[in-house]
Every structure is written in C-alpha cells, then in structure tokens.
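Look for subunit A in each of the two complexes below; its partner is subunit B in the first and subunit C in the second.
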Partner chain A sequence: MNTITKVYADHPKTLLFSSAAALRILLVLAFPALPDLLTGRVEISSPVSSFTRLQEGLFLYQRGLDPYDGGIFHQSPTILGRLPTILLYTALDILSASNLCHIAASGAAYASRSYTSPRHHRHWNPVSVAAAYLLNPLTLLTCLGRPTSVFAIFFVILSVREACRARSVTSAFALALASYVSLHPVLLLPPVGLLCYDRVCLPATEAAGRGGDGETKGKKVAIDQRSQPSGLGFGLIYLATFVFSVAFLFVLSRLLLPSWNFIPSVYLTPLTLPDLTPNPGLWWYFFIEMFDAFRNFFLGVFWLHMLSYSVPFCLRLQKQPLAAVVCMMGIIAIFEPYANIGEVGFWLSSITLLSHTFELASTHRYTFAALAALLYTVMLGPVFHHLWLYAGSGNANFFYAITLVWALALIILLTDTVYSVLRDEWESERPEGKGKEVRQL
Partner chain B sequence: MKLQPLFALPATLLPVVFAAADPHAAYTEHLDLHPLPDGHLYAGFNFTATTSHAAYEAQHFRYFPRSLAQILQHTRTAELHLRFAFGRWDDESWGARPRGGRREGGTGAELWAWVDGEEDHPEVLEERWGGLVNSLSGLFCASLNFIDGTRTTRPVLSFEPEGTHKHGNEAQLLHGTLPHEVVCTENLTPFLKLLPCQGKAGISSLLDGHKVFDANWQTMAIDVRPLCNAKGEDCALEIQQTVDMVLDVERSMRPSHDPIPRPLPIEQIECDTSKEYHSDDTCYPQAPSGAPGWSLRKVFGQPINGNCDLESADATPNYPITLHVPADHPVELLSSASLPGKEEKMNLGSTIIHYPLPPHPHTFDISLPPHPQPPEPRNPPLLHATRHLTGHGLDPPILTTTLSNPSLSKNLTLTYLDTLPWFLRPYIHTLRLQRLSRACGDSAELQQLFYTPARDRERGSKIELLLHLPAGCTAQLSYGVEKAVLRYAEYPPDANRGFDVAGGIIKILPDSLLDEQVNNDSKREAASYLRTPPLLLPLPTPDFSMPYNVIILTSTVLALGFGSVFNLVVRRFVLVEEVPAAGLPTRLRDAVRALKLRLSSLGGRSGVEGKAGRVAGGTTVAG
Partner chain C sequence: MAELEKPAVKPSTAEDPSRKDQASPPPESPAATWTRRCIIIAFWSVVICLGLPHWIWTTSIHRSDLPLETMNSWADGKAHRFQYPLSIRIDTTEKDHESRAALVADLTKKFQQSSDLPLYDINISPGHYSEGFLPEQEKDADLVVYVDNESKSPQQASLRPWAPVLDVQPGHAGPSAASEFIFHEIVRAYADEQRSLSHLMSDSPFVSDKGIALTADQKTKLDARTTRAFKYASMYHLTFSLFSASATPSAWDIDVAMQQYLSPLLRQLSNVSRFTVDTQVQLHAAFSPSIAGPQFDQASGKWHLQKTDLSGFVNAAEWPLNPSIGAGPTINFVLYVPTKDQSPLEIAETGGTSWLIPQWGGVQIYNPSNKQDSALSADDLEAVMLTFADQLTALVGLPPSPPSLTLRLASMTRERTTSLILSASSTLGALSRLTLKLTSIAIPNSVAKSVDETIARLEQACLDLREGRYNNALANARIANDEAEKAFFEPSMVGQVYFPDEHKVAVYVPLLGPVAVPLVMAAVKELLSLRRRKVKST
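Up next is the complex of A and B:
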C-alpha cells in the first residue's frame, strides 16, 4: 500500500496510464465476448464507424474489390491497412489521455494572450484531467467497442495539443487527419486555428508584460503589433496547410484504391444520411419520419445549424480560444448525424479542461439536473432499445424519447459551460460582480 | 360494314400460306399425371410451339403468340424465362422435382432473360430490360414492372442459355424476382390466351383457375429460346408454356356446389383402435392410407374437351397424355370415342400409360378407383435444402442455408445464388461453410464466390457461390446480415407483416459438365435446379402516426439548444442592481414619458403652440 502511495505521489501519470491499460486488457481477457457485444450496440457503433463494417470493408479490399462500391463501408481508406486490435485502441486512449494532460498543463484554458482567469488557481491537476478521460465509463466502453471514431478523437486531441504548443503546421495536419477520418472535425478549424494563433502570439505578449511593472499580466497592455504575426496571414497559412494536407491524404488514398468512389461514400454519407440506423443522436428518427419533399431542405437546415456555431464561438470566446474549442466539440457531440457515446464521453472529459469554472456552473446553473438526466438516459436507453427491437413490447418512440432527453441533458451541460466561461471572463473585468446575481441584456 | 370480312379474309389466309412455307411451325401439348403419396396428384402440362426465325422476323405467326413475340422483338430479347409460383414442393414425401426443377420458379414471380446489349452501354440494356418488364407486366397482369434496379441482378454461374445463340451477338443475362407477388387467376387467363386453343380444347381445357390456384404447389412457366442447327443456320424460335401443380385429391374433389369442408359423421370416420383411449364415444381418426380414387372430371371439374390437333389428320398419331401408376392399379377409360392407351411396363412395378385424345366433339376422361396400396414417390431428390434466418435478441441475425446430399455415392457440385434486397445487408466476411456430418471430410468447400454489394436504394446484393458437396454430406452455409431501418414511406401498408426475401437458387451441375471430354453441346446433360422457400423478414418499424410529432419535438430540442447558446453568446452580463427596474409601473411611466417626449419634439413651432395652448387652457380653468 505504501509503495502504491509513494508511486502515486512520485509518478501519478505512470500509475494512471498503467492501471487504465490494465483495466482495458483485463476486461477483454476476463470477458472475451464483451468486445463483440459492445460492437453490436447502436450507442457505440454507428454506420460510419462500426468495427463490423470495418472488417467487411477490409475483407473486400484484401480480395481486390472496391470496398466503397456498396452501402456498407463508409470509413476512411487509410484504416484499410490491417485490422486494428484492442491493444491499438488502448494505446490510442493512453496517447489521447497523455495529450489531454499536456493541454491541461499548458495552461491554455485559463490564461491566454489578453486574459487570465481570476479563478486560474482552481484548475484541476493535469493527471486528474487524464483520469477523467481514461476512467470515463463511456470512453472505456467505446474503447472496447472499437469504432473508428476513436481515431478521429485522437487526432482532434493531437491537433489541440499541437496548437497549444504553437505549432501551426502539425496542428493543421492533425486536424486534417481527423477531418479525413470523419468529416465533422472540419468544424473545429476556426476555433483550433484561433487557439494556435493565440499561442503563437503569447510569447511576444508575455515579453511585453514582463517589460512593464509585472502586474499587467492579464490586463490590457500596449503591445507592439509589429512583433506579432498578422492574424490574416496566419489564418491563410493555417487554412492552406489544412487544405494541402487533406489533398495529400486524398491523393494517397486514391493510390491505394481503384477509384475516387471513396469520396462520396465517406464524406457524403454523413451529409445525406442514407443509413437510418438508430443512434443516440437527433437525426435518425427525424429523417425516418420526414416527408420526402422536405428531406433535402431539412438536411440543409440541420447542417447549417451545426455550421452556425463555429464562428460565433470564436468571436465571443476570442479571449479563451480553448473554451471555444471545447464548446464546439460539445456541439459536434450533441448534434452530429451519426452520434455515438464515444464522442460524448470525450467531450464530457474535455470539459474538465475548463475545470476552473466548475464552481460557477455548479452554483448558478442546472448541472445537477443535467447530470441526473444523463444518468437516467444511460440506464433507460439500452432498456428501451431492447423493448423496441427485441421484446417488441415498446415501439420506436420509447428509444426516440430517450434520445431526446439525452440531447436535452447535454444541451443543458453545454449552455452551463458557455455560461460559466463567459461569466468568468466578465468577472475578470468586473471583479466586484463576483458571487452576485447577474442579468443578461 | 360488308367490306370487313373481305379485308379479314386475306389476313386470315396469310398465316396459313406462310405456315405451309414454314418448316418449323409446329405445336405439341402434353399432360403428365402422376399420383403421389399422401393422396396427392401431380399434373404437369406442357405446350410447345415453334416458328422459324425468318417468319418471326417477318412477323408472321401461326402458333407462336404474336403479343409476346412483338414484345421480344421490340426489346431485343433473345431468350426469356418467366415464372409464377406458389406453395412448397414436399421433396421428402414426393421425391424429386418435375423436369429437374428447370421449369420451376421461386415463390412469387421470377424473370430472367438474355437481352441484346453491350457491356459498354449499360443504359441501353437497362432501357430494354425496363421495356421488357413493363410490357410483360401488362401482358400478364402481374406487378413485374416493380422489377427495377434494386431487384435486378446479373448472375454469373447460376443460369446458362438453353437456346443456341449466334456468336458475335452478345446477349446479356438479367434476372429479377418479386417474392411478394401473389399469383392468381388474372395471371392464368393471359397465359391461356397465348395458346392456340386458348383453353377451349385439348389438355388446356382442364386449366380452371379455381382448381389451379387451390393446389398445394403450383408453378407456371414461359420459356422462349432460339434453336439452331450445329452450323448456326436454319434457326427456329421455341416457346414452351408449362403448368406444374400438385393437387390434394380429397380437397379438389369437393363438389363445387358445397365447397366448405365439414366434419364427417362419426360413423364414416375410421378410428385408430390402437390408441389406449379408444372407446365407443372416443375416436382418434386414422391417418388416410392408400390411394384415393379419382377421375379427371372430379379433380379438375371437367373432362378434357377433345384434342387440340391443329395439324392435318395424316400426322402420326400422338399420345398427349401420360399416366404413371403402380402396375396393379386398375385404370378405367370413361370416354367411348377414345382409343385405348398404350401401356409401357417400367421396372419397380410401375406402369406408364400413353393415351391419345379423341377429336373435338368427344370428351376424354379416365378414372382410378381407390386402392389400399399408396403410390410410390418419384425418384429420390438429389439434394435437400432449407434456409432460415436465425439470431434474436442480442445475437446478430444470421442467414443459414442447410444443404444435404442424401446420396450415398454421388458427389455434387452446385452453385448457390442469393439475391437480397438492399435493406438486408450481408456481411460477407462472416461467410462460413460448416460441415455438419462426418461424411463431408475436407472436400466440402467453397470454390468460387461472386459478390455484388448492395447500394442503398439503388441495387440489391448478390451472392453467388460454387461449392462441392460429397456424398452423404450435410453442410451449413451461413453469413451474418444486418437489417436496415427504412424511411417511413418505404414501408408497405402492412409493415409489421415483414418483407419477403426471395429464396436461394441452387443449381446442381450435371456430372458431364465436370468431365471436360464430354463437354460439348449435343451431349450436354441439363443441370437441375432447386429453390429454397422464401423468407419473411421482419424489419424494425417506426411509429407511422408520428411524423408531425417527431418533426415538432426534434425541432424544439434543436431550437432550445440554438436559442440558449446564442442567448448567452449574443447578450452581455449586467449586475442586477444596474439593471434598470422593469416593473409594470416603471414601464408605464417610461412609455408615457417617451410619448410626451415625442409629442414635444414634433418640430419647433408646434412645440411652442402646444405650450401656449396649455397655458391658455390653464388660464381658462382658472378663470
């Protein structure tokens, strides 16, 4: 016991990572049927990320057939190398957690170029952030269910981490990889670009701050604009890197495959939703029940709705770019067409990056109600799915109602996060408002 | 009015004139009767007409149906096979299928044809195929027009042309099935109209819709094929129309004025006295044994109405009716005008009797009295096959076909074709051949696999296999499937009944095909076919009454998210103390103040006047 305490005190990361890896591997060894059972769950595997479909695509590819000439396989071509094992998924989870750890340690959440949170001392230990990811039951189940969305999550975290290290090229490349694996990370391009720009400018700002009396940190100081890269120029370079990386990946895929069929199959499927398999998201039942004449109109509306958040978040949360990234991840996890609990688990864990604002959300908002509703839907979702499809004693509305409650609870959590981040920013300008009741005008 | 017969006369004469010049114009018909065990009767009708290719090109038809020929010419169809079928052939008690299963279709409607077209121009081929299915749909009053892209496949192994096709004229095979089609009288009537005697004379006079569609198993087939000699010249076109059915003799002989089955009086029921509970007032009915007595009139409702001999009388006498009976069963000829049949002894104590038909005004009927000894089944079948969908609850659904080779010595090579609708997605990586009996050894294996994956709402999937099944081997072919959820308008009106999935088509390759030396056209033995029963696939259904509610509820949740996020993003925070009071009195006061302000600012002059007026008013009141 003493040694464990000592190891925990000295190397908390090592202990956490090894125990998380051991937990995953032991679960597989103890219950060999568990991965296949989880792979079949609609909450974990969506038509664009299912492991069973990956096996099918790989089988066809290895026999020289075009895996995209059919309605089953909609996953990105580079995964067609060989079948990933549970060890690879465990390794990806550990690497993602390690990257989250680095993001938390970089302090990007509570200190940016022109702003330092008044609550910056309240942020969580980076290892706790990693633990919130690794020991999250939703992440754990997703790791065992082996959907390919885990790859997209990994590349998104990698991109954010590289942005925190002010490496724009690698960040854009990692984001391109994530968007190439599944389409929706492209929505993160503005906030991650903003974060990267903020971190690139940070050393110059800090130098200017140190040049003053030392108390100006976090306050507005006169900065020599010439010492900083231009915002427009940086944005163009970032966008160009992203576009070139995507183009490079497409050409690489074309070399592997007999035709360009993979582009409509991979990237048009989430846009047009041909496969209406149930999932915890809002799209499937809506488009089952939609009248044919209005289908295209509402597909457009749903996608515009998702697009509409990216830029407003960047503008409003300009001073806290990492908060903009986390909020946008939340939008994706809630509103994406083929929703799954993996993305939600990842988003819930990444909220802990904003842990310095938890105090605000818990005292002023409805976080308890939202978390209770999440627990309730986690219990009832699988039960109602069973009642509909297997027992036959309930109809589709049972499962649909649960997905609505699930989305509602996540929306409340998201608005709580947005509220606490904005309130925190406001309180840094108006320290006298701390703890007082506010209104919005 | 009077001119009409004059015009009609040359028109009626023309075919006769050309027929004289057409060496291939011929018509034969044949009826095969075979009593089966368990009180069933197999009746197989076959009508064959031919025309020379030259006459066909010039649109001169004598026996070949003009309506069908024009469709074939218009759609450039070289060979056509159309099937309507229902029921199940019980091969365990009845034996092998008639005609080797070659004139049999899957339940519902099935159509395959070789249509002229090139691989490079699939749109031309599609247009011709679309024309063919739509025209046939009109001709046979069937829903064949629903054979669209999602139900059309291009099998590679399972079908071979029966006719001889000219080289350089590459016809493409297209195949479509409609397992949901209900075959009924409206399909039989156009079928009979294609015959020269149109069901009024000859053996086709037995085909009455009430009896044909009361059968346990029935299949109607139309096969058109080109026939050429070895040099590829002197071609003819042959149409074979086939009706095969198995009737329950007892049920068919119910009188038409009282067709409702009623329980027999207790005195007429034979009781199984071996049961221990058998007593004076308790009777366990004995299973019917032996062969029931029947006659054509009783089973088909009418006797054969003379012959349909369209050729001149000098032709060689033909015997269109064949009856298979055990040697000791007596057969009585009921028509006075007809000649006695020609008997032919077979081994295993059975007799085949060939009967000629009397000329038209006379009728033909035969009668078999009941016999205590039941008839023998037909030859044992080459293969037993069943298919079912397993997996319920948390297990993934698996489509399993059990194939069993009952023979002790004959090894089989067979092809298996499954065409699935797009909403049943096969996982081909889970395809397994499981050997269930020891006789399989290692040689039971898949040899070839042709797979076309489905595309949502565009194309069904096709799985075609070549496999080897040694003697005595029972093997299970299985693959996982996934059921899709459809849009609500894509479900049929009776959505909870489920969807029909066409049966698998199994072709048993003849031995000669395996032997390379004998593999030339003249000696080639025809392959035999077997179709598994169709599947009823239950799909998860949405709530059909809810479209408005779902649109409203989901939109509300979306709007809630959008509204609450943008509410936070767009507005700014203000301390409560700094918020201007917003109670009702305050608001009213503000409104009044604003109104006053506006009134007072209506230009400088009016403002002065207003002030003066007020002053004046004041003085008035004071005064």
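Up next is the complex of A and C:
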C-alpha cells in the first residue's frame, strides 16, 4: 500500500497513463463485442468519421480503386495506410492527455503577456487535467468506437501545445493536419495564432517586468515594442505556414490517390451535409425539414454562425488567448454539422484548463443545472433513439428534443465559462468588486 | 452570446443615499470601448461581407428571358393561318392542247368561285397522260387526275388504292359537264379531311372564319376517331400475340402472314412513322378473373361473351403484354384461341369476334375450323391479319376515307401536323401565362432553350405546310410539341410553383430573427453612444 502511495506521489503521470491504457485494453479484452457496438452508435460515429466507412475506404484503396468513388468514404486520404487498431487509439489518447498536461503546466491559461489572473494559484494540477481527459467517459467511449475524429482532436491539442511552447511553425503545421483530417479546426486558426503570438512575446515581457524596479512590479510596464515581433507580420507568417502545410498535404494525398476526387468528398461533405443521419448535433433535423430552395442559404447561415465567433472571441479574450481557444472549441463541439460526443468530451475536458475560474462559475452561474442536464441527456438520448428507430414507439422529435437539451446544456456551460473568464479579468481590474453581484449594462 | 459582456457594479437601491456615489457605474476605459466596437464590427462584417452575398447568391431566382410575345402570338393563333396547298395535275388522253387548257382553266375558275374547299389552296396544272404510272410522278402532285376521254364506258370515277390517282371517265358528256364531274369528284375526295381539320381547329384560337359547320353527328364520329387513335409518335412498336387457351395451336406462321398481308400497309405507313414488330405465343392462357367468362347459348350452340366482359378480357396480370418497349408506344394485337369445348366463341350481341381497345390495341377471337392443327398456317391467318391491319389503321389515326390509302396517309399527315402545331402552341401559351402569373418561380436556361427550339420548329413546320412539304412539316411539328412539353414540365420549375413570397417570412424569421435582435440592438446602442459622445465633445 505504501509503495503505491509512494509511486503515486512520485510518478503520478506514469500511474495515470498506464491505468488509463490498461482500462481501455482491458475493456476490449473483457468485452470483445464492445468496440463494434460503439462503432455503430450515431452518437460516436458520424458519416465523416465512422470506423466502418474507413474500413470500406481502405478496402477499395487496397484493391487499387479510388476510395472516394463509392460516395461512402469521406475521410482524409492519409489515414488510408492501414487499419488503425485500438492500441493506436489508446496511444493517441495518452499522447493527447500528455499534451494537455503540458499545456496546463505551461501556465498559458492564467498568465499571458499583459495579464495574470488573481486566482492563478487555484489552477488544477496538470495531472488532474490529463485525468479529466483520460477518464472522461465520453472520451473513453469514443476511443473504443474508433472514429477518425480522434486524429483531429489529437492534432488540435498538439497544435495548442506547440503554440504554448511558442513554436509557431509546428503549431501551424499541426493545425493544418487537424484541418486536413476534418474541416472545422480551421476555425481555430485565429485563437491559436493569437495564443502562439502571445507566447512568443511573453519572454520579452517577463524580462522587461523583471528588469524593472520593485515598484513597477504588477503594474503596466512599458515594453520596448521593437524587441517583439509585429503582430501583423507574425499573423501572416503563421497563416502562410498553415496554407503551405495544407497545400503540401493535398499534394501528398494526390500522390497516394488516382484523382483529386478526395477534396470535394472530404471537405464538401461537412459543408453541404448530404448525409442526414441523426446525430447529437443541431443540423440534421433542421435540414431534413428545410425547403430545398433554402437549403444552400441555411447551410451558409449555419457555417457563418460558427465562423462569426472566431474573431470576436480573440478580440474580447485577447488577454487570455487560451480561454479564446477553449471557447472556440466549445462553439465547434456544439454547432458542428456532424456533431459527436468525442468532440464534446474533449471540450469538456479542456475546460479544466481554465480550472482557476471554476469557483466563479459554480457560485454565480448555472453549472450544476447544466451538468445535471448533460447527465440526463446522456441517459435519455440513446433510449429515445432506440424508441424512435428500433422500437417504433417514438418519432424523430423524441431524439431531436434530447439533442436540443444536450446542446442547451452545453451552451450554458459555454456561457458560464465565458462569464467566469471575463469576471476573472474584470476583478483583476477592479479588486473592490470581488464577490459582489454584477450585471451587464 | 457573452461577447458584449461588460460586468459593472450593480447599482444599489436608490433609497440608500449613502451609497449614491456607487450607484452610477464607473466610466469605461477607452480600450474596453474600442474592444466592444471591434467586436460589433467583426460580427457585422461577417454578416455584410459574407452573409449578404451568400443570401443573394443562393436565393436569387434565375429567370431566363422567354420570348413571351412570340409565345402569345402562337397561343392566340396569330402566328399562322392554316391553309393547305394542294397541287392537282390533270392528265387527259386528249391530244388537243387547247381543250386541255380549257378544262384546266375551267376547273381553276370553279375552285376559285366555289366555297367547297375553303381550307385548301388548289393549284391545277395540265400534264401528259402516260399509261405506265411512274412512282416519281407521284411526287409532283398531291393528286393526279387521269381523264380518259376515249373510254366508252358510262360516267364514273375511282381512286386507285395505292396511288394518289383519280381515274375519271367522263363518258359522253360535253366538256362543261365533264369538268363539273371532275370538280365534284375532287371535292368529294377531300371533303372528309376538311371536316376533320376544321373540327381540330374548332376549339383552338386558330379557328378560321372559313371553317365549315359540322353536325353533332359528325362531331361525335370525329371525336371517337381521335380518342381511339394513339398520340402521334415517330416510332410505334407492334406486338402480335397468340394466346391459346389450351395446348393447341402452339405455333403460327406469323412471319409469312405478316409479309403477305401487313407489310404493304406498313411500307406505306412508314413514310409517317417507323414500326418495329414483335410476336409471341402463350399457351394455356387463362381468362382474367374479373370477367364472368363465356356463357353457352343453347339456341345457337355457340359460346357467348358478354359485351361488358370485353373491356376486361385481356388478362393484364398474367398475359405477358409489355406496356412499353423503348421509346414510343406499343400497339398490342391479341389473337385468342379458345379451348375446343368453348368453341366457337363470339360476342353475344353482334356475333363478331374482334374488337378494338382505344389507345391500346386490338383483340380477336379465332375459332379454328374442325381440323385441330398444332400450328396456324398463313392462310388461316389471312382474315385475322386483315382485321388487324384494319385495326392498325384506326389505331395510328388513319382516316377511314377516301378509299385511296395514299390519300388517307396524306390526310393523316396533315391532320397530325395540324394537331401537333395546335398542341405545341397552346402549351407555349400556358407556359407564358404561368411565368407571368407566378413571378417567383425560377425559369432555368433549359426552358428558354426548349421554347426557342419550339418556336423555330413551329415556324419551320408552318413554312413546310405553306409550301406543301407535309412530311417535313410533320417531323418539325412533332419536335416542336416534344420540346414544348419538356419546357412546360421542367421539374425544377414545378417544385417552386406553390411557394408564395409571404411564406418566406416563415422561413427566415424563426432562426434569423432571434439572431438579428442582439446584433441590431448592439449596433444601434453603440451608434447612439457614439453620437452622444460627439455631441458632448463639440
């Protein structure tokens, strides 16, 4: 017993990672039918990430056919090497968790070049953040269901981690990989770029802060602007790296495949939503009901809605760029066309990166109600889906109502996060307002 | 969303004067104001730069320009007046040029003065009589009149069945009586066709004052003819089926019978439409369960089929009669051979054995004579094939008179052309009214193209009609009609027909309304505060 405690105290990461990996592998060994059962669930597998469709595409590819000809396979071409095993998915999860751990340890959540949270001492232990990801039941189910969205999640986390390490080129390349695997991470380009820029400027700022007298500490410090890279120039370089990486990946894919067919098949599918299989998102029911003449217009409206948050989050949360990234991830997880619980699980876990603000959300907001609603929908969603499609005693509205509640709970969580982050920032400006009721004017 | 959130101290209650200073929120820092403005601009720039073009691009309705005036002029019957030129050649055995010219002049005068054939432009020319009639001579004239002055037989006239030739023997009458006789014979040859043509035009805007009044009886007859016939097509499929109620006969000499009795007719008809022929034999063909079946009549010793059973006689469920083979309609001909114990079988009221099913085909019952062969020979089939040929002429819409097949074919060509032009014109009119009435429907380019093609083909068809090229006119009119129907039934147009503009409110408001409220309110609030600040500073 003592040794276990000692091992835990000395190597908490090793213990966490090994137990999480063991949990995944043991579940598969104990219930061999579980992965296939989960693969068939609409909550986990979407038409653009399903493991069964990947098998179909791989089958066609290995026989020298264009995998995109059948109209079933919509996943990016480089996954076509060989069929990923559950071990690979476990490894991806562990690596993602390790990256999350690094992000949490970097302190990007509570300290930026122009701002340090008054609550920075309240942040969670990085291992706890990793545990929140690895032991999250939604992540666990997604890992066993093997959708390819796990790759996109991994590359997004990798990109954020590289941004926290102020490595702009690798960060942009990882984000390009994520966008190449599934389209929507491209919306993260502004916040991740901002985060990266902030981390690049941070050492100079800290140096200036340290170099000053004791009086200037904690106050605004005049920083020599010339010692820092210009925002515009950095942004252009970051964008150019991203564009070149994507172009490089496209050319690479073209070399693997007989035609350019993969571009419309992979990237037009989330844009035009040809497959209206029910999922936990908000799109499918709306576009089943929509008049054909307005379909294209509302597809545009839904995408522009997602897109429109990207820049405003960066503007408002420019002092806390990691918070902007997390909020944008939430927007994507809630409003993406082929929503799945994998993205939601990843977002819920990454909220723990902002753990220093949790006390604000839990005292002033509706976090408990939202979490209760999430639990309730997690239970009722599969039940209503079964009632509608298999038992035949319900209809589409049953399942859609649950997905609405699910989305509502997630939106409440998102607004709570935004609130607590902003309140935290405001309290650093006005310490006298701490603990008081506030309202928006 | 929370992007506009600017927390401020909650103003305390007004009754507490000691905290009055805190009641008004502290002023915003300029940086915060600018951030807020930038955020509002960011949202609005997405709306204006991306949303607005997207809205215009995806919801604008593409309306190609249609030549509405031309379409309406066709629909109103102003674009064309039906007039059918007929060239008639008078060939006489008379050697004397003058008397021949006198006969031609006399006939021309008679046609100009009379109002018996108002729809036709008759042009009479003299020609040389030659005993051997060459096929190419047929092409110079729509009708050739052979006047045999030397014949001593009494006054008589007859049409040759396979050529557009009217043989006239004026007998001993004088030249004026002869020309009177010829005139009446020509009028008689075209009277039925003219009646049918003016019946076609009577309900359309193309109706001319020259049209002739029809009696109710004639109208019913013409209507019956129209309902019986198939719609005109450039290709018909003929299916000849032998259905035996028992195991015999199990074969028929249909190839030879076709060659002998039907091919001459098909060769003539193939000027107008093409035909493919299929045959089949089906043994042990059972009656349809929906009919009562034949009854034995003790008095005559025959089996009788009730008239009410005739419509259900064809067992559509079990007899392999294809509804269509490729493009073009299928005309079915069914020969039914009853079992030995049910023979002879005939229709109760009339004693007949054949009947015609409008726009479907013909049915015949063949009661074999005593010798029960396993095969029907070509000779056995003679009567059968002649009845089928008769039914075929009715089904493709060949008029029953005059007796010359060539003239009947020419008649049919003119009638079909006329009805196709009428139908294409009225379709154009309907399309033009539709596009004017429903201003919100899309008009794809394909519709405009079809309409242009229709009008071009209609003009060409009318030109052909005026110049007497009736076969070309028919081909053009058919294409015109097909194109007009294609334009009218364009599926992308029909989908939007019942979508009035006011329904768009119900489409846009539920989602865009709630989204627009915070956007608009934030923009208005910001603009107002900007103005207030400006006023303050000046």
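Simple rule for what comes next: the second predicted complex is superposed on the first by the 435 of 441 C-alpha atoms of A that agree within 3 Å, B and C clash if a C-alpha of one lies under 4 Å from a C-alpha of the other, contacts with A are read in each partner's own complex, and residues count from 1 in each chain.
The working rule: a contact is a pair of C-beta atoms (placed from the backbone, for glycine too) under 8 Å apart; a residue touches a chain by one contact, two chains touch by 3 or more.
Quick caveat, the model's predicted, so the values are computed rather than measured.
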item	value
Joint occupancy of subunit A by subunit B and subunit C, clash or fit	clash
Which of subunit B and subunit C A:408 touches, first, second, both or neither	first
Subunit B versus subunit C as contact partner of A:40, first or second or both or neither	first
Partner chain(s) touched by A:276 [first = subunit B, second = subunit C, both, neither]	first
Subunit B versus subunit C as contact partner of A:313, first or second or both or neither	both
Subunit B versus subunit C as contact partner of A:426, first or second or both or neither	both
Which superposed partner A:59 touches (first subunit B, second subunit C, both, neither)	first
Partner chain in contact with A:291 - subunit B first, subunit C second, else both or neither	both
Touching partner for A:78 - first (subunit B), second (subunit C), both, neither	neither
Between subunit B and subunit C, more extensive residue contact with subunit A	B
First (subunit B), second (subunit C), both or neither touched by A:300	second
Clash with subunit C (superposed arrangement) - responsible stretch of subunit B out of 151-159, 169-177 or 205-213	205-213
Subunit A residues contacted in one complex by subunit B, in the other by subunit C	291-292, 305, 308-309, 312-313, 316, 415, 418-419, 422-423, 426, 430, 433, 436-441
In the complex, subunit C residues that touch subunit A	1-10, 25-26, 35, 38-39, 42-43, 46-47, 50-51, 54-55, 58-59, 495-496, 499, 507, 511-512, 515
Footprint of subunit B on subunit A - complex, ascending	37, 40, 52, 55-56, 58-60, 65, 69-72, 274-278, 282, 284-292, 302, 305, 308-309, 312-313, 316, 331, 334-335, 388-390, 395-397, 400, 404, 407-408, 411, 414-415, 418-419, 422-423, 426, 430, 432-433, 436-441
Subunit A-facing residues of subunit B, complex	392-394, 396, 422, 425, 427-429, 451, 453-457, 461, 480, 482, 484-489, 540-543, 546-547, 550-551, 553-554, 557-558, 560-562, 564-576, 579
Subunit A residues within the subunit C interface of the complex	291-294, 296-298, 300-301, 304-305, 307-309, 311-313, 315-316, 318, 415, 418-419, 422-423, 426, 430, 433, 436-441
